[in-house]
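Dropping the structures in below, format is structure tokens.
Here chain A shows up in two complexes: once beside chain B, once beside chain C.
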Partner chain A sequence: MDKNATQSKRERYLTFYIGNEQYGIAINRIKEIIAMMNITKVPKIPAYMRGVINLRGSIIPVVDTRLRFNMDYRESDMHTAIIIVEVEKISIGFIVDRVEEVSSIDSSSLSEPPKFGNGIDTDFICSVAQIEDNVVMILDVLKLFEADELVSLEQIEQKQTQGE
Partner chain B sequence: MTKQEQVKAIFIEEAGEIIEKLDIDIIRFEENCSDFNLLNEIFRGVHTLKGNTNAFGFTRLGEFVHHFEDVLDHYRSTQESIEEYNLELFVGSVDVIKEVMNCELDAIATLPQSYDGCLEKIKNLISIKKNKPSSSQELQESATELKDLALEFGLSCLEQQQNSIERSIKDAQAKQSEGLNVYKIDLTLDTDCYKRGFDYLLFLNMLAQKALLLESFFNMEGIVEIDSFKSGENYIGKVSVVVLTSLSRSEADEFFEFLFDYEYEINLIEPPVVEVMEAVVKPSVEVAKVAADSSASNSMSSKSTIRIDTFKLDELFDSVGELVIAQNFIAQNDKIRSIDDESINRTIETLSKITKRIQDRVMSLRMVAIKDTFDKMKRVVRDTSKKTLKEVNLIVQGEDTEIDKTMIDSLSDPLIHIIRNAIDHGLEADAAERIRVGKNTNGSVTLKAFHKSGNIVISVSDDGRGINKERVLAKAIERGVISGDENLSDSQIFALIMQPGFSTAESISDLSGRGVGLDVVKTSIEKLRGKIEIDSKEGEGTTFSMVLPLTLAIIDGMLVRTAGEIYIIPTLSVVESFRPEKEIVHVFKEKGEFVSLRGQYIPVMRLSDVFNLNAKRIEPWEGILVCVETEGGRIAILVDELVGRQQVVIKTLGKTLAMLKEISGGAILGNGDIALILNVDELRPLVEVSHV
Partner chain C sequence: MAKRVIIVDDSRAVIATAELALEGMINSKTIEFKSYLNPMELLGALQNGSENFDLLISDVNMPQLNGLDLARAIKADERYKNKPIIILTTESSNEMKMSGKEIGVTGWMVKPFSDDKLVKSLQMVLGV
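Right after this comes the complex of A and B.
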């Protein structure tokens, strides 16, 4: 047995690229990864919400992670993938440029994200990890979900229906 | 959830069902109080409820139900006709049971006010009834006789008892004639059988009524010393009964349906046949398992059903949807179609048929007859009629009409509201007023369910005063709902009464007229993707029709294409679609387009404007106008072309997109693409029409 295992927890993360940077999401939230598919546009939603896809009979919304992080739009290519994340039975797809691998990251190698000034929002990053030569920014899925304003709006709506 | 909690949850659900059924049965019984089968049914329900409540420590409910059961049992066994004021007490008791159940569930310490009063009345009734001499004197005698027997044999040892039983059987056989059977019935009971509602004497009395001869043998071995004797417990573990009766086997079984099957055994003693020539040799003692029989007789009235989590149903539903799409894909795939092979083609065709059948079946799983809901309404009508002191006849039609289960649950409240409204406001104030206008003294309310062009219509009609249009208009202006300048059609005027804060009732009554009425009904029906239509003739009556989709999961949709995307417009709201002549299209200030159609001016709405789509702007006469009925009046939606009409399965756009008002959901088309379903009531033309 690895002695470290008793002292620190190793967790597995799916890593992927947006532009030149590597990001990671804890694997337990990920339902599946699919290739880019036909997205149906939905009117009157924020631009980073690209629309909805038909995932084997369920309709789920898709967020373009590049646009979400205020990066430039990029045409999809053969590497573009959609990571389906599920939180409390709600699924959202996140479009990423390229999926890399699943890596185990020791919790001891996770560190606080750097703090920037007002201009840059690090809300979605919960920690930064060093894997060999690469720096991986670990994303907080729950925050992404919440911050998409949609979940909170939905909660408001639920309250309204309860109020009736 | 622990096992105990699970069992409790099941109990609560069952108890709810029993109480619901009691509610319906008691009203039916009130209508026809000589129907003792129904009384039996009610008794059985109360009995089961009693056992369950005590098991889960709902003692207050248990206590009440216990006494209620006694009263019911009295009437049930004596078949005495029931006095009207007692009927009222029964109905009240069911109410109390309902309320106490809620108190127990929510662990509320205070009981409803009616509890004590009602319980007192029931107890009084029992003591009155018990002191009266019973209708059948004979029965009393046999009962005392039975007690004597019990004493006589009480102290005899087992062997002696066995001999007595055999002697008794011989006696019985000696008296046996054509059509009579001799049974030996052995009861094995636990100490708690009284608490479960079983009483030897009561039971033996019942059996004795049907018997020519009855002897019972009590095994007194289990009796404890007097100082450790508890009155609530049963110490007579075994009882044997020999009975000569005309009852058939299954009829005899019915007497024991309250007992577990290991607790009793009925043996038919065959007559000592000697002279019969037939070779049929039956075993002299026939032992049959009673459980199967009794459960069969119980379930005669109710269909055999199975409880399924609706979530699982939805999953199944989704999977079938995928199956249909996959099947379509195969059927329409060019490569597969180009295969020139008879058997492959045939297989694909079979596959499509099977898929269709599965789809239909799965759909029908969600459908239930509306009967239960209508039955509940009988109670509402009765109560309202009592409160308002108006005599009302309820006419129910089409109660077998099937409707989506999820819809039924949210349909009760609107229905109750409309029915109360119909009786309270719709009908004339009293019989005298009805006679004055030449109507029958009893008002009538008709509850009807039927299919109409792919929808289900549930209507409530009364034959009362009808809606006074002038009064509605005056009120609407007074309340500021409308300005008074509008030129409204009849149906638009009637629709005003469903506006929030609108109530024309002269006095605010307990039942309705609190101003928060019909608008709530309207919103809850709209949530079900339905709509309410009101039709009324002054002096003749009013009809509220709720037009609902067949199921919540499917709508009949018109597929249209605009700006390269396919959208679905619910056919329910489509009035017509047409390609306009250039001459009837007009533009206001070069912005607001409208068409004049048969004297009506209908604003044209471009989806590309509402949704900010980048699309080539087409002229109305190049496209198609789909005219739809919305809350804000008619509008004409300009689309590029009509694609077709199709039944589509509605899916939510992931809960995250639920805030989009203009879109009520999405549907997956045959090719796997998603089409958005428009919520036409939220579509507003850019140039607002004057009365919106």
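Right after this comes the complex of A and C.
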């Protein structure tokens, strides 16, 4: 009934929407999905960082993915979710408009991301996949954060755990 | 033989959360995972015999059909009356538990559930 053939080249991705666009993150990076919760603002952090959440005692920085992509701010609603991803042993939450599903994507249906020319940063899109009629942009979470940003995330975490 | 686990919930986030939690069991082919957003679609498929399950996990509040009514309809069918059903709910009131017991549901899980709890519940119910 279900297609289980050719497992070897299939990878699984969590897909989600930001605006009308569908994105995916490899599930081996994902720790969990949580509903929107209260975010504590932290001073002097990039505008796209909304602050930190306290998830069962762990302080986790949260990124507004819309703002990171230079899209307009949007109020959260019942579909808004935070995807907790592990990057270089640091947990980071990404706010997304709506979680779609876990999809198996065959590596043969992945292609290079389009080039839009100078000034448009598509670095964090590592590939583009076609799932049925949808185009899904697979995100490279490592590239969403430059090395220095990871360091500052670490500092935020430390500041919070030390109670400032 | 992989056990067929079906989850029905109108929230895609809950379905994805469950699927992520069960990834290990799906990969090892201990279970096969199938999800429905619409309980009516599931009920129709079960009634016409195009669907089957070894364990059903159902949300309660769904716009098309309440999870307890879904469970009642499934349990009324000879083919499925002994199949386990776990109900997912945000609050577990005694009243709800009583009607669940009466219908014959196997257990309850309060949302948000932890990965661990979901896996353990499945292992227990399915004996895997």
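To be clear about the criterion, the second predicted complex is superposed on the first by the 138 of 164 C-alpha atoms of A that agree within 3 Å, B and C clash if a C-alpha of one lies under 4 Å from a C-alpha of the other, contacts with A are read in each partner's own complex, and residues count from 1 in each chain.
Keep in mind that, in the parts below, a contact is a pair of C-beta atoms (placed from the backbone, for glycine too) under 8 Å apart; a residue touches a chain by one contact, two chains touch by 3 or more.
Nothing here was measured: the structure is a model prediction, and the numbers come from that model.
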Considering only touches as defined above, state whether A:Asp123 meets chain B (first), chain C (second), both or neither. neither
Considering only touches as defined above, state whether A:Val99 meets chain B (first), chain C (second), both or neither. second
Have a look and say if chain B or chain C is in touch with more residues of chain A. B
I'd like to know which partner A:Glu112 touches here: chain B for first, chain C for second, both or neither. neither
State whether A:Ile59 touches chain B only (first), chain C only (second), both chains, or neither. first
With the two structures laid over each other on chain A, which partner does A:Lys41 touch: chain B (first), chain C (second), both, or neither? first
So in the superposed three-chain picture, is A:Ile90 touching just chain B, just chain C, both, or none of them (first/second/both/neither)? first
Tell me, which parts of chain A touch chain C in their complex? 2, 4, 12, 14, 27, 30, 32-35, 79, 81, 98-102
Help me check something: in the complex, which residues belonging to chain C touch chain A? 12-13, 15-17, 19-20, 23, 29, 32, 34-35, 112, 115
Contact residues on chain A for chain B in the complex? 38, 40-45, 49, 52-54, 56-61, 90-92, 148, 150-151, 153-154, 157, 164
The answer for chain B against chain A in the complex is residues 318-319, 321-322, 325, 520, 523, 565, 610-613, 651-660, 662-663, 666, 668, 672-676
